[in-house]
Amino acid sequence: MPLITTSSKGVFVIAVTPFTDDGAIDTASIDSVTDFYLESGADGLTILGMMGEAPKLTQSEALAVTAQTLARASDTPVVVGVSGPGLAALGELTRAVMDMGAAGVMVAPPTGLRTNEQIIAYYAQVVQTIGSDVPVVLQDFPLVTNVPISIDTLGQIIEAHPSIVMLKHEDWPGLAKISQLRQAEAKGRRRISILCGNGGIFLPEEMARGADGAMTGFGYPEMMVQVCQLAAAGNQDRAQDIFDAYLPLVRYEQQPGVGLGVRKYVLAKRGVIASAAQRLPGAPLPPAGVAEVERLLARQSRRLHELN
Amino acid sequence: MPLITTSSKGVFVIAVTPFTDDGAIDTASIDSVTDFYLESGADGLTILGMMGEAPKLTQSEALAVTAQTLARASDTPVVVGVSGPGLAALGELTRAVMDMGAAGVMVAPPTGLRTNEQIIAYYAQVVQTIGSDVPVVLQDFPLVTNVPISIDTLGQIIEAHPSIVMLKHEDWPGLAKISQLRQAEAKGRRRISILCGNGGIFLPEEMARGADGAMTGFGYPEMMVQVCQLAAAGNQDRAQDIFDAYLPLVRYEQQPGVGLGVRKYVLAKRGVIASAAQRLPGAPLPPAGVAEVERLLARQSRRLHELN
Amino acid sequence: MPLITTSSKGVFVIAVTPFTDDGAIDTASIDSVTDFYLESGADGLTILGMMGEAPKLTQSEALAVTAQTLARASDTPVVVGVSGPGLAALGELTRAVMDMGAAGVMVAPPTGLRTNEQIIAYYAQVVQTIGSDVPVVLQDFPLVTNVPISIDTLGQIIEAHPSIVMLKHEDWPGLAKISQLRQAEAKGRRRISILCGNGGIFLPEEMARGADGAMTGFGYPEMMVQVCQLAAAGNQDRAQDIFDAYLPLVRYEQQPGVGLGVRKYVLAKRGVIASAAQRLPGAPLPPAGVAEVERLLARQSRRLHELN
Amino acid sequence: MPLITTSSKGVFVIAVTPFTDDGAIDTASIDSVTDFYLESGADGLTILGMMGEAPKLTQSEALAVTAQTLARASDTPVVVGVSGPGLAALGELTRAVMDMGAAGVMVAPPTGLRTNEQIIAYYAQVVQTIGSDVPVVLQDFPLVTNVPISIDTLGQIIEAHPSIVMLKHEDWPGLAKISQLRQAEAKGRRRISILCGNGGIFLPEEMARGADGAMTGFGYPEMMVQVCQLAAAGNQDRAQDIFDAYLPLVRYEQQPGVGLGVRKYVLAKRGVIASAAQRLPGAPLPPAGVAEVERLLARQSRRLHELN
């Protein structure tokens, strides 16, 4: 199975975990949503992320979802989120998913780390625990983790651990961070892959600043694929035209606590998953939200038609 | 001078405070930016807000900016932000600006309040300190204050204090909050004015949910005026067309810590203020940001041309 | 096996999880530390708490520790901490430990809950998930969870869920909370058991305010047993004499991030566990700390001798 | 008037601001409490700190309190807290109090700084704003500011700005920080004065680790004076005997949000200030708290009698 490397690029879609209306894992939809992501042009998948409702799964469910997704994704690399409060469980989960064929693991700093020294020490302990042969994605998402990682701290971690091959960049604001990372590389630091998150809401600018792609979710992953491909090909204006057509929905999906309901609503409407249900405490999109999304979808469809 | 009431509506622009390149207050630009906001169709102004760099002013500067703005704005209502850690200073500033002719004062909860009881007690102390005859805007902005105000808590505060006539709504996500407030009013609670913030990034949906307008800033305040007027007139689609044309820039200006640099860059470019300078620790828009903004402005101009 | 009830009282010791120097679970020490707690006069035990390094255990380790402790504790009630980010895992763990014979489960609110409504909804979902026949300890520890629970919110939760039989009280400051809970009960609300935490640093005052005992850890659990028994017998002054003799060490053990190292050092020195080792990222007490603790222990021993 | 230096040591008492029962500043009590602190053996005073209710004063009140205290303290150095959200106001206040004869100013990082780079930049801006000739106390109090300052960050700030002559140390836990600072100095970094806070609850250990004294408040400042003098003279055991006698009250006064009520109650009972009143939102010690404090005071008196 393929491993992620510092050269990985393109779109790694953060996959949703489909549930039935009564809260069970919907295994049929795992296959269909995996197929959908690959058919949309995804270069990879990331499962068991925060937006994949990973913390709501039991350990055996998490392993089952991983096994099924890996089987279905076949040769496409699948990154598995293993973040958690304890290193022993993180190590156990990492070994399990790497044995199954995962392309790497993603690790966010646990809430509660407070200083640069603590953050640096944490990633050293992670690498020591899982071994330096497992490719790691460092997830930098302070809005949720409440752990801001300064550019200097990030640099020290990258320099210390060659097995950290990729940054899931979702600091906010974060455009300057991409530029500063690339400038440090221009001066000699080893290059890492940077895939961006935050639902893609700054994707055109992020690509122009030197990102290698996106690692995030959206009801229309084909938007991210097109924008990344057009940007990589130097066609910035066309990339932004596509992006702008989807932007009203991207923006709407970015609402914390509401976004996953929007995303699953769209995916269910598109027939990709059987139900938009989330496990508790997630709530379905309320009727007023449904009306707002439907209105945005109708406008989006017209706008895309004008573009073609 | 006019006072704000529970019937106030439209766009109250959060005014920037103009500085010269060496950090002094630029009094000539205070007049020109005030004129610009009024000519753009603003129904009111709000000064000494967080995005007005109020905490960076000395007390005497704050009073001077208020006096000059009030004189220039003439009959247009001007709300003054008086939030601060202490009630004595808040009371002193409130008395001073109301004597000068302010239309009301805006008060956010101080960082550090933790429970509903504490938030409720705080607003009781505020009203007791400034008197129940001063119209108050309650600023609900948990992303910055770190004080989430639940819908039930908000309701108790509104019921207890008739002098709180307006909500500056910038909870995020916050669409459901608008709907719930209006539902409670439909069942008998007194109606208050709701003006929305967050740079207007959900303005079309907010208006449809029952907001009375916007109280926020943006380099193109005429967008907010048009969207609010079209929405109030029931022309939702045209409102959204206008909104969508500006959305790429709205989104870009929403970056925390970067947004004010964008806004001042645009206002300076439009000739409304002489310099985009911010006081420390604010930083000017860096060259890469300038290039991104210029690109967005060129696209925005083309898009608006297509719409007309 | 006994279940906890609203009448439970006395000292439930928060048990440490013993590890060997190389980080494996030290099963021999689990037996010896369990025996030690019971011989010290504990009325119950609480395992898999934050100070029991629960988040550092894998799921199978957590279950093994639980099974062994339950077997060794025999008829003494053992509460098991099941807090975690997801309800499915919480439910699975609860079922497993209740089947093994646990006396109840302890649940802290997950970091990220922000309003009274969210906290209330969370405990409703917990009770719905685990069933209303499982006795629950609500852990109120905002210093760590970052979720302050107001007295009114706490009251609503208690009224809604009879299966929440006990409060692990470690709000800080929290003396008024105990008084207010007891006052509400005097006016008719059902009584719950209140056991106090925070390393016992306010134990004499907490007992006088109406607490039923302590649920916390300390290198000398016999102090908590004596203080609770003396206080319950009305001998406040003798209780405080005992407390004061241990207070310099209680205070020293209260240092966040350092306390567990102190506690394990003392327990290892007393021969109760074989090693003071913690799993990463926990660090052993450094030499300067060892010297400080030894000095406090020598003084404590002299002071206790004077008291007898 | 004397300035603080890197050699300053002993006890700088954090002074309370006395109010009358109706919330006015009690100028007579300012003189009497100043006299009391000096007669208790204080080596300096610190006014307008967080526990001095500084944020509750208007600007003119803050200046009046400063002028009166400086006049009364005569040759004793008085540090003035100038922390605030904006640099312009901080600079203005600093100039005013230094002109009046203050010994230096104390600056805590504003809530909202998130990374080491931001903290380092902030202190550079502070020194640039107030001038490098004004002695600065860096207040490191993350429990309140929510800005943890790592040991490495602290070192960079100290090395960059010789005018930062003193650390008000109240990180928690913080014993290791004192040791690490002194170790860095032993290797060549310039020495700074370290005075410790946190109500003195770790004062014996802090002195043994290399602190130069205390900068904090307590109802019995003579305890801090004795402990610091005995510790400086190498009489650790006697220092700890004195400390232990006061420890039950020190502990009680450490309760956040309650502590100032305790301290003012004790000072009023001792006749040092006329009223224990705090300005809103501060609340007086409730009757149950008064009873607890009286009980502790009676025991403390007996214990001190035994010691002499």
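For reference, chains read A, B, C and D in written order, and residue numbers begin at 1 within each chain.
Going forward, a residue touches a chain if its C-beta (ideal position, glycine included) is under 8 Å from a C-beta of that chain, and two chains touch if they have at least 3 such contacts.
Worth saying up front: this structure is predicted, and the values here are computed from it rather than measured.
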Those chains which touch chain D and also touch chain B: A, C
Duplicate of the B-D contact set - from A-C, B-C or A-B, the pair where over half of the pairs recur: A-C
Rotational angle, Cα trace of chain A fitted to chain B, multiple of 5°: 180
Chain separated most widely from chain D, comparing mean CA positions: A
Which of A-D and C-D has more C-beta pairs touching across its chains: C-D
Centroid spacing, where centroids are CA-atom means, of chain C and chain D in whole angstrom: 33
Distance from the mean Cα position of chain C to that of chain A, given in whole angstrom: 38
Rounded Å distance between chain A and chain D, as computed from the means of their C-alpha atoms: 47
Per-residue overlap in chain D, given as positions that touch at least 2 other chains: none
Touch list for chain D against partner chain B, complex: 55-59, 61, 84-89, 92, 111, 121-122, 125, 129, 279-281
Residue ranges of chain B touching chain C (in the complex, touch as defined): 114-118, 142, 148-153
Chain B residues within the chain A interface of the complex: 172-173, 175-176, 179, 201-202, 205, 208-209, 237, 240, 244, 247-248, 251-252, 255-258, 286, 288-289, 292, 299
